[in-house]
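Per-chain residue numbering starts at 1, and chain names A, B, C and D are given in the order in which the chains are listed.
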Amino acid sequence: MAEVIWGLATSHVPSIGAAMDRGKTDDPNWKALFDGYAPARAWLAEHQPDVAIVVYNDHANGIDLDFIPTFGLGTAERYEVADEGFGRRPVPDVLGHPELSFHLVESLVDEGFDLTVFQELAVDHGFTVPLSVWTPDPGDAWPCPVIPLLVNVIQYPQPTAARCYALGQALGRAIRSYPDDLTVGVLGTGGMSHQLAGTRAGFINPDFDHMWMESIETDPARLAALSREELIRQAGSEGIELIMWLIMRGAMHDQVTKVHSDYFVPASNTAAGIALFDNTPPAG
Amino acid sequence: MSTGAGRLDLPGTPIFDGDTSRRGLRMNKLFMSLRDAANRERFLADEAAYCQEFGLTAEQQQAVLARDWQAMIDLGGSIFYVYKLAMMDGRSMQYLGGVFTGMGEDDFLAAMRAGGRRDG
Amino acid sequence: MAEVIWGLATSHVPSIGAAMDRGKTDDPNWKALFDGYAPARAWLAEHQPDVAIVVYNDHANGIDLDFIPTFGLGTAERYEVADEGFGRRPVPDVLGHPELSFHLVESLVDEGFDLTVFQELAVDHGFTVPLSVWTPDPGDAWPCPVIPLLVNVIQYPQPTAARCYALGQALGRAIRSYPDDLTVGVLGTGGMSHQLAGTRAGFINPDFDHMWMESIETDPARLAALSREELIRQAGSEGIELIMWLIMRGAMHDQVTKVHSDYFVPASNTAAGIALFDNTPPAG
Amino acid sequence: MSTGAGRLDLPGTPIFDGDTSRRGLRMNKLFMSLRDAANRERFLADEAAYCQEFGLTAEQQQAVLARDWQAMIDLGGSIFYVYKLAMMDGRSMQYLGGVFTGMGEDDFLAAMRAGGRRDG
């Protein structure tokens, strides 16, 4: 059987990738953020999975508004890195793991999740920035094959937090029912609180973010109970993308061990958070 | 000031819902096309013609030509799509934040650096 | 509130449309099929809804295999009729009903159905043939706005029959919760038994089809319990598209009144069926 | 005789599953492109070049050029996509049925008119 060995929650703000790509990680505006990543990166370097799953959303790069899938899953052998309009990020293309993808599709569809299957997909910063947060220097290739799990967070109505958490739980079951022995890392991306448009642009809610950071570890069901409206009110119209953390969290055990977390404002217009969990219950 | 056409009504918070997306579809397609360098060139060579090619309404075309960012949002633009045009112009998300809030870029950036804006 | 007034199940074989478009409905190979439609058409002409929903699948015309949505719902104002490679069918484009579509999307996503929302979509014979079965002579326009509900029946794993039935039930609730008074007709399309490829091509299973025709009226839950494998075994690899009838049936009351049904072999390589239900419980 | 690469194993019944679809993706895209008259013309003018443009494997190209319908299915073709090529050639679904079953078109059509084929 395959098993989730860790879950990583991280913001996917494009400027984090840009700061890395342009060698600005020691810039005073950025140093604290990247310093905050260091302990997670060190632990992750020691805990290499066989496959990773990145839960993310596209930002007008891989898909258009002609169709808006609530949940999409990639089954390709390779995912091209999108040119978002300022040149492609200087990072490797992503190799997929079609066998695991097919298994996940079958398991999840059987459990009543109405996935859209992607056989071709270009991935944008929502996908590559989390990979960079995990692996700052991939060289020619990312450390392992990666499977994209797309979530609609851009167009209302987004899936409910409860549905995301349920999808995560089903994803965990699907992974565990895979016939081969594989270790899996799951990345839940996006957030934390932010809003880009409207007179409330620039809104940041540290109280909510701290509650979220605490509860994602200890009480994810509490977060899953939040309504769409409550999420937009508390986390901002773009902060609702935090629902993607719940998919990652749902795929893990009820009890997990926090390896590291950090919180930083601002990464561009966004409160940035990182939280890394070892999928073993806490000792004692 | 528009607060979005969504079923949710949160002050100062545009909601990009189905109806908004439908109104903005052609304009958002135009913005997405600007990922491509050749399209950016064509757009810059004759912005009005490019808008017409994409089937924008007169109001939308006017908003695009005038770089009226608030109007683009009001007329169905998704911020992630509108941002493609801003990037082409060399504008940052902080610049847009300065426009949407009426604070101007410098004050907006200062507010973000100070930990972001709060409700109320 | 809106309410479903009737449900129409019908095959959507392209050659049925072609026979109509070419004036061959009196051809000896076709006459019995069209004669079998007559009583349904007469009743439908007297029971015009304000909006119709067509549950169907695309056949390599409106969408590609780049992405395969399990369930898709259109929210457009207009759906173009696709040219499938032999010229566009001489039938009108389809006007949509965005307001009802938005309501359905929101209700269904809230109920945990992971729809893909289509803002642009060209519709093929899977969609237009059922409209022609209902309305043979539309003139310049179909009798009312129509909303497409797309189902993946082409690529394994298709949604389960149970999931389709559950979607139909949620669709019924969503329709009833619409604030305006609207009457709605629901068309479930596809089938009946057929298989197009493999040494079993040409397979037709009248016993299964008769069981299905009977049970769709009186015991849809029995059909919803059938596995994907059982459906392909009994109805053929393309006959599995009968699961779309269950979405229509789920949107109706537990008890319905059959107006008319008929069964005909072959329409091209397919067993063709029609079943029309009035969404009122049988008298007495 | 292939029975499909699916997880289901039903005699004589190809299952178009994810793995099959992945193998056939480029070929199916080619078939879908034939909806367009200009593409049909280009295809007919130089079938091999058209296949290469779409990135077909050598085996797939061979199957397409030879109109080996069974091989197209075996190499990942979806019947709904393969049928686009058949239509262009003026072939019917009954013709294809005759090929897949080995009966030939006339016998296949007669079997259908007699109520269809049965298992076993």
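Criterion: a contact is a pair of C-beta atoms (placed from the backbone, for glycine too) under 8 Å apart; a residue touches a chain by one contact, two chains touch by 3 or more.
Chain labels with UniProt names: A, C = Protocatechuate 3,4-dioxygenase; B, D = Protocatechuate 4,5-dioxygenase alpha chain.
Values in this document were obtained by computation on a predicted structure and should not be read as measured data.
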Per the definition at the top, count C-beta pairs in contact and tell me whether B-C or C-D has more. C-D
How many Å are there between the centre of chain A and the centre of chain D, using C-alpha atoms for each centre? 40
Between chain C and chain D, what's the gap in Å when you average each chain's C-alpha atoms? 25
So, what's the distance in Å between the C-alpha centres of chain D and chain B? 46
Interface hub residues of chain D, defined as touching at least two other chains: 7, 17-18, 21, 25
Got the chain C residues that touch at least 2 other chains? 65, 68, 105-106, 117, 119-120, 155, 157
Among all the chains shown, which pairs meet the touch rule set out at the top? A-B, A-C, A-D, B-C, C-D
Which stretch or stretches of chain B touch chain C in the complex? 7, 17-19, 21-22, 25
Residue ranges of chain C in contact with chain D within the complex: 29, 59-61, 64-65, 68, 82-86, 154-157, 193-206, 228-229, 232-233, 236-238, 265-266, 268-269, 271
Contacts from chain C onto chain A in the complex sit at residues 63, 65-72, 105-106, 109-110, 112-121, 155, 157-160, 162-163, 166
Touching residues on chain A, where the partner in the complex is chain D: 75-77, 98, 101-102, 105-106, 117, 119-120
Contact footprint of chain C on chain D as seen in their complex: 1-4, 6-8, 10-18, 21, 25, 28-29, 31-32, 34-36, 40, 73, 78-84, 87-88, 93-94, 96-97, 100-102, 108, 111-113, 115-119
